[in-house]
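Shared chain: subunit A. Partners: subunit B in the first complex, subunit C in the second.
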Partner chain A sequence: MSRTSPNIEPEVARRASPARAGRVGRQWRTVLAHLLPLALLCLFPLISSEYQVNLLAKFLVYAMLALSLDLLWGYAGILSFAHAVFFGLGAYSLALVMQYWGELPGATYLGILLAVALPSLLALFIGYAMFFRRVGGVYFAIVTFAVGAIFQSVTIVWIEFTGGLNGLYGFPNPKLGIPGVWEAELVGGPLTYYLIVAVLFLSLLFARQLVNSSFGRALRAIRTNEERVEFLGYNVPAIKLVIFVISCALAGLSGALYVPVGFVSAEIMGILFSTAAIVWVAVGGRGTLYGAILGALVVNYLQAFMSDVLVFYWFLIIGVFFILVVLILPDGVIGIAQRLYRQMRRG
Partner chain B sequence: MLNFVLTSVLNGVSLAAVLILISLGLAIIFGLRGVINLAHGEFFMLGAYTVWVTENAGLPPFWAGFVLAPLVTALAGWIIERSFIQFLYRRPIETLLGTWGVSIVLRELVRIVIGPEHHYATQPITGQFELLGFSYPLYRIAIILFTAAVVALMVYLFAHTDFGLRVKATISDRGMAEAVGINTSRVDQMVFVLGAGLAGLAGAVMSPVVAINPNMGLDYFARTFLVVIIGGIGSMLGVLGGGSLIGMLEAGLSAFLKPIVAQVIVLVMAILVIRLRPQGIFGKAK
Partner chain C sequence: MHSLRKSFGGLTAIDGLSLNVDEGELRCVIGPNGAGKTTLFGLICGYVQPDSGRIVFDGQTLSGLSVQQISRRGIGRKFQSPTVFGDLSAVENLQVAARGGFSLRELAFSQADPPGEMVEEVLETIELGEKRNLPAQSLSHGEKQWLEIGMVLASRPRLLLLDEPTAGMTPMETHKTAELIRRVTRQMTTVVIEHDLKFIREIGTTVTVLYYGAVLAEGPIDAIAQDQKVRQAYLGTKVL
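== the complex of A and B ==
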């Protein structure tokens, strides 16, 4: 008996096992890979302080914003400098509804509805004007930049309504439940935290389904070569419009979730906040969904644990990050991890 | 009434002049390489700071800074172009992100080194222009005349000089331009430096009439975008037309509405213009 190569046994074993079993195994691994972090997130409030829970809740909201941006930028290749506007619109919708009609039964639901509807409508308006006129790429990005800049100044200047840079405070807390029967206030703490974890998890599942569907394949094809997709008979502007609206609706929803855990002020409408979201996605690795979530958590925890001296330089660091990411790490942390993993398997 | 109309018109023209001065550099760079330099507003800011710093250093008021500002920003532009933008020309979205990083870094450096306070440079030309009971600040009129001169110079530069010929050749067909011996990478460099210098010049011109602060570039920059979008990207005529239109419109609306409302109306209009004429009002259809 002669052995040609020491590696032959695993090779044979792999061939022998039916492909089906492999797929089932992989599915199990995927389920496990999702349930494990979810379980950890669910256990977190049991082992840590209320402050830590609220902090993580806020960062998970940011992660959801990053997720929505990744759908747009990572998959369809559409870069938006106005994503914070949609997030901010969502947050302001809920906060203002609570401020003016907070005592009415079911006001929270109206707020959440508006928090999704208004960003979607704005996205529909901008997207319809741009995509059907074949305005894309850099041109689209600078239009969103102008949109972001103007929304920012409006929010800062219109103090009677938005509270400007001081923000809104003192409005009744949003309540979930059945009005008049049983309602729970969302004021931070474990309940809000679990709600955010649940919505983020569902959004992630939704996003996964979306990008793995034929629609998702069309998105990636558009990112790679728009013209060719067009020649294949796809309605490229319509596809772009749909993903833009979905992404902005998700951003608006995350804005509504932000209300119980964060501070609603002009800052969350700003270009710099949009920039931060782009950084989260870029650092985590775009076009991976998980990278966006990871990036948001990593960058925000870095910022939270930084000493005051470094916080003074925070935006300088962000700027340098931006340049480095563009020049050296176009695929982010997940990209590096994947490269290392592939090298390890090969080597 | 007539005074009010005249003042509004002159306000519009002087705002238009500034916007044109800033937009020129942006549009030239876009026309040449199809990239947008998001740090362009920061060159404007650096120009204004140069004037303020030289003035405080005791150099002859204003004029020293005025000469120095475009040189300083041109140098900054050259460093940035050489250090990384030259590697990104083929990837417009990456250029956008990278230059946005530069923009943040420049803004933050100024904030950290000089501080976030507002500063004002002294006005070199004071006094009012008066005619038959109508008066208007002389310096504002000087801005309008100066912009006209710069635009004329640019037209001459691009239409009648060897440099302009090289730039136009590179824009219309890069490969062919290289084949006939034009160093296109050098053209890229020079155009970028020219654009940065123009933005610095605009900053110097505006330094006595606006609050100098680290974020001033951002304020003007968003409007500069609208100028190139409405006017039609990459053409001199587009910049002139777009700048005049936006300047007049904003000044006209500001006479009756809050400035911020005027800006919102201009933004919505810009989006509608794109819907109707994506090539811009003065651009040629493809």
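== the complex of A and C ==
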């Protein structure tokens, strides 16, 4: 005992140090900053109409797609124009499983499984073919553009399977629960909404954990200078492949969540939809996770309010908006918020 | 390394070069522009592959290995112009460097905070402790050079390759860098490329002179400075 006591004192002193207290205070603030928006989201169905709940549910699905894209583009600097393909593949996986085997017990689970597995496999295939052959930057973006175009065309043309531009409808609703014991249908409304909020929240926590790991730091280093990271002994192609697969798996999962709240048609496979997701992330602020979520909500609400009046000009407006953001506010909405916060603290 | 040869198109950058550096040695490589100094580092790191000849490190040949594999064998390189990660803070730069040899699983399951003892030590060595949380792009040129040296140190190499560590530095900074290098290379095999002869005198070590891709002379700096061939090679470009 007497031998250990000298070591205890500095330990106690360190625990009580202001730096440590500051860290604990920050942690509490972080927890609050997460719980408050979560609480607001949970209260939303109590104060608004079913239509509003379904609309927000759909936008939260989009936010999850943006979150997955931010992991790829915002952190690793890999720009993909095929992100909607992975989203669409997820949505079609669940919708088609419901269409063909919808009455079988547990079909929903099979659909969700495929909605994650198929995009992951496709990402594994594309990523392996690209990253290990050193196809990166603009060239990778162009290849994803081609992939997006191919999937979109196939989806439009293969009408008897995909429904083409008319989409899939009339399939049994996905069900959650224990088959034969208790099941709830996902048809929009509060239940679907809460499921989406929960999955989005868990995805955000997962993404936070990922970007705060050494892996996440390596990603940001790759974004700045890929070659230098390699000289430090990192397996850069493998790291890029891993984040690409994770990002696309999340996109696929968000696609599955889209089925009860959106319309599954060739449009969600399109390059236009991929570009929209890129705009959400850019507007919110890339490389921040929260920016992606915020950006998806802001842009989509703007679109919902404005497009009634300005259907025709919508893409023009969003295009100009995007250019302005890139030119004037490269850090997006989150960037403005951070700047305001810093100015406020300075007084 | 033994009879190395490397040409780019019609230009032979390294022409039958042989060079031996002992373990624990600190070696300076000098030579006029275009003598093949940086190409030499590229060859050691596996960034370019030799047309012929081989490089042996620690009893093993490095031929055909990738940049990443060679880095994992313990060869760390500091680049000519600083290539620090501008978006990352100074301490994050060191942390990235320190985790170089990690597998994917180790990367994913190790938290970014807090910096380890070793990183703190390096941070102290390069005297950037107070600027640890600043983004690297906001550091001065000299500080970026030190951070770059720190990054190589943080990757705990067994062979340290420094490409012009004092490029673009003020005399004061150069002096400080020389001290830093002398201090950190005591237990580490090091090869330094340098133009600044004052700096080389200051660290006082064996010098190899490259000229048109081959070794022109080798020896202590004072003997080299007297060498007639070297004087001719440098004539008009540098006063020794």
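Here, the second predicted complex is superposed on the first by the 324 of 347 C-alpha atoms of A that agree within 3 Å, B and C clash if a C-alpha of one lies under 4 Å from a C-alpha of the other, contacts with A are read in each partner's own complex, and residues count from 1 in each chain.
Here is the rule we go by: contacts are C-beta pairs under 8 Å (C-beta built on N, C-alpha and C of every residue); 3 or more make two chains touch, one makes a residue touch a chain.
On a predicted model such as this, the values are computed, not experimentally measured, just so you know.
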item	value
Partner chain in contact with A:232 - subunit B first, subunit C second, else both or neither	second
Subunit B versus subunit C as contact partner of A:181, first or second or both or neither	neither
Touch count on subunit A, higher of subunit B and subunit C	B
Which superposed partner A:326 touches (first subunit B, second subunit C, both, neither)	first
Which superposed partner A:344 touches (first subunit B, second subunit C, both, neither)	neither
Touching partner for A:32 - first (subunit B), second (subunit C), both, neither	neither
Contacts of A:46 with subunit B and subunit C, given as first, second, both or neither	neither
Subunit B versus subunit C as contact partner of A:213, first or second or both or neither	second
Which of subunit B and subunit C A:221 touches, first, second, both or neither	second
Where subunit A meets both subunit C and subunit B, residue numbers	none
Subunit C partner contacts - residues on subunit A that touch it in the complex	210, 212-218, 220-221, 223-225, 228-236, 238-239, 242
Parts of subunit A lying in touch with subunit B, wherever the complex brings them together	77, 79, 125-126, 128-130, 132-135, 137-139, 141-143, 145-147, 149-150, 153-154, 157-158, 271-272, 275, 278, 282, 312-313, 315-316, 318-323, 325-327, 330
Complex contact set, residues of subunit B against subunit A	34-36, 38, 84, 87-88, 92-98, 100-105, 107-109, 112, 218-219, 221-222, 225-226, 229, 233, 258, 260, 263-264, 267, 270-272, 274-275, 278
Complex contacts: residues of subunit C adjacent to subunit A	45, 47, 67-68, 71-72, 76-77, 79, 83, 85-88, 92-93, 95-97, 99-102, 104, 106-113, 151, 155
